[in-house]
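Note that the chains take the letters A, B and C in the order they are written out, and that residue 1 is the start of every chain.
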């Protein structure tokens, strides 16, 4: 995902028929709404990721029913904290996006308000990055907790699926973190000429990771 | 800031200057398309040689093939294949052909090259993802081929890699240790490459169509690539988790697919509780849509090419597109027909059989529309046209045998026999490949600026058309006798009388294979010495024929075409040379 | 060239159909109670698809024949009626065929796989392994002994891992390498695998059933003709897959009893 967002930022414009101006269609509200290319791409990617996790989910359900060897265990408490972290990161990302897109295109201007919005927006972005990283660290710590209880990948099908689901989610989230880091880098250019293209895509992806985690958390709580 | 008022939109990436950027790590979809085609060519050549080796072993088991003992001393001591090596080569034949040929050539290769051009775009939506998708696929190919060179050779579990045979590791037999690991890793990597590719195709089709190019005006090939991408996106998204779970069972001691109490090589296996049927469900949930991924692009290509040579529009455009979409949708509901006798609940056989039979309806509609489109046409029998006609014939043959296998009550006899082998070879190996051939002869001039040799093309067609019927039609009869598939030798009592049939098939296969060398030769010769091709040698209407042969870096030289017609304005009054209207030209008044 | 194509295609079509019609290579005679329905289903499908095959290929050949471009001034002709009649015909005709085949076919399928075995069936336990089939009869006590994978020892002939020392029911179990059954008696098999997936296929019975490791799968049949028939493995199971087979021997009731006596004597 990161590369795709980089791609969109790199091109710096919205493609489309020659009659629409680059990037202008949305923020000024004129002409019909056309999603940015990166946003289309993210939605398609989300479609695929949903399908993958659906496959893992059905594998878990079938496996649980195939044999009476499923041993339930209690989820580490830390997961609740991690969940709150991730939810908070979605909030901060939303706030950051609001600030930054409100001054998109005006970044080069030196107005006080614009500069303020910009720095506030960037702060929220850094916050999101920190919270995302904190989530990953928290997941690793949760794994360590399980390990001390003697629950490893191959111990029991229930623990197997726990590790598989959390690892797959973390791997996809790392992709999102990469995209976020890239967005931050682009927007921190000294001359403040970075565009916020790709911001919508990043947000969609991040919120999706959030929602996916909620789904997985509930699933694991119910079945593990 | 970019100048938003300019009509000309700057290309997504600047024209490459270095050799590496131009021909190796290229962002240009045309180069990437050719790279996929080249990869498919290598894979099909290897796959074809493997098929020759398999067929020779079946018909003439005593023959010594010196090259084999060089490839694998253990697998073919003295040039005679061991039973396990037969299965290794069989596995690689299927894997290479299904993944690296049939998913690559009609879909990734031609799709990458022509999708953007046919919709009037300058490149794919995500050129860097596109480049990544090719090199990922290439890496998958390298990993797959590496299995030939490890000690025990490639895996022996077939391209379907059923668990627990594929999951327990080396105790189950030769090739099932490192060879199977490489297979699973390769396929997982392949999934990622395909997912990236599918994502690109979908985003490009949705977002980058030029002005006037509504979905209804897209050529059939574009529609086919679009529908196929959606199928691929969802199918490979299921195969990847399946491969991950398989790899974990193999290396991490998990038991997703392996039940307890198994004794292999006199050892009690350290797994328990897993479900072999789970692998089958996951695999076929991918596997059935995969075969439609293999055939749909070829159907689209044939539907694009046929009208050019009949000089009249395809009959029933909406029904045609609707049928392609219906097939895509239904393809997800039928996977259990590979598992009628697998041990899954027999009642579900009825549930899977119905959509399997229903899918024959859109398939029949497609075939009827293609055939009826020839009626009343002014046919030009150039090589692409011959392959279109051949396609229809072999698609009928292959589709008809599907009717038998879709019924559980017949599958109880025909499952795992040569009847199945006949069926899938006709639809995939032959029909899908005919689409690739047609596409190659048709689009070669556009891609390379030169025409392919017509005489060689016609020889290739006739020898192949006759050859494939000689190879695969007899397999139906073998299946009716009950000749089981994936046997490395025919030692059962009832199989002895069938050996002459197998000999006939082998000779036909070798001859048909030799005929493909005409094609390879034609490709290479024409690439460098073929006559220079004009912009539109076939008098076709879609957008790729409005630009130079080959197209410039940004496809249209900076001018985005504006589309005014659908892709089938053929036979619109006027005589030869003037009986068509390009998609970007003003429509003719009635 | 269109004419050549049409002629070649017609020849291919007729030759292909001829071999089907002449039964040059065909199914062996059916020896089961459920097989007749399968054969009838096959015949109906052959006729229906034969007509479709013939019609489709001939239509293609016919159109290719008439459509050549020799006459430059010829105008193209639209297909009479357009696409709608074709699409409708396809839906209706194929739909009827599908409906019929499914309706009849599900009964045929159900008779084999969805009905319970007769209560007085002869019960036989079948184990598949790399690369052989073994068959176990319950013996005079009518009970099967328990199987213990860790006790399996092919060298001493303990294929099933029986424990006669501590398991009374196992003591009179009869293990054989052939599936011997009396004629016209319902037989109920329980299929299980020692190692990987295998499959049980007897062409003359018109049945096929995979062995799934971890599962015990039922399969029942009644053989109606005395004789010796091959049981072959159809699920790829490793290097010896091609050679994995056993015999189904259908005997007169007296001969079967005699055989049982001989086996338990050993």
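Some observations on this one:
Here, a contact is a pair of C-beta atoms (placed from the backbone, for glycine too) under 8 Å apart; a residue touches a chain by one contact, two chains touch by 3 or more.
Note that the structure is a prediction, hence the values are computed from the model and not measured.
Shown here, the protein chains touch in a chain-like sequence that does not close on itself.
Once CA atoms are averaged chain by chain and compared with the all-protein CA average, the nearest chain turns out to be B. With centres taken as mean Cα positions, subunit C sits 51 Å from subunit A. A separation of 30 Å divides the Cα centre of subunit B from that of subunit C.
For the pair subunit A and subunit B, the distance between mean C-alpha positions equals 34 Å.
Of all residues in subunit A, those touching 2 or more other chains are 66-67, listed in ascending order.
Among the residues of subunit B, those touching two or more other chains are numbered 259-260, 274-275, 277. The set of subunit C residues that touch two or more partner chains comprises 214. Looking at the complex, you find that subunit A touches subunit B at residues 3-4, 6-7, 11-13, 15-19, 21-24, 34-35, 37, 40-41, 44-45, 47-49, 51-52, 54-56, 58-59, 62-63, 66-67, 69-70, 153-154, 157, 160, 164, 168, 193.
Per the touch definition, subunit C reaches subunit B in the complex via residues 1-2, 5, 8-9, 12, 16, 19-20, 24-28, 37-38, 41-42, 45, 48-49, 52-53, 56-57, 59-60, 63-64, 66-69, 71-79, 82-84, 86-87, 89-91, 94-95, 98, 101-102, 105-106, 108-109, 112-114, 129-130, 149-150, 152, 194-197, 199, 201, 203, 206-215, 217, 230, 232-243, 245.
By the touch criterion given at the top, residues 1-2, 4-5, 7-10, 12, 125-129, 132, 195, 198-199, 202-203, 206-208, 210-211, 233-234, 236-238, 240-242, 244-245, 248, 252-256, 259-260, 272-275, 277-278, 281-282, 285, 560 of subunit B touch subunit A in their complex. Across the complex, subunit B meets subunit C through its residues 82-84, 87, 156-158, 162-165, 168, 172-174, 258-264, 268, 274-277, 310-312, 315-316, 319, 341-343, 346-347, 349-350, 353-354, 357-358, 360-361, 364-365, 367-369, 371-381, 386, 389, 392-393, 396-397, 400, 403-404, 407-410, 412-413, 415-417, 458, 462, 465-466, 469, 473, 476-478, 480-482, 484-494, 498, 501, 570-571, 575-576.
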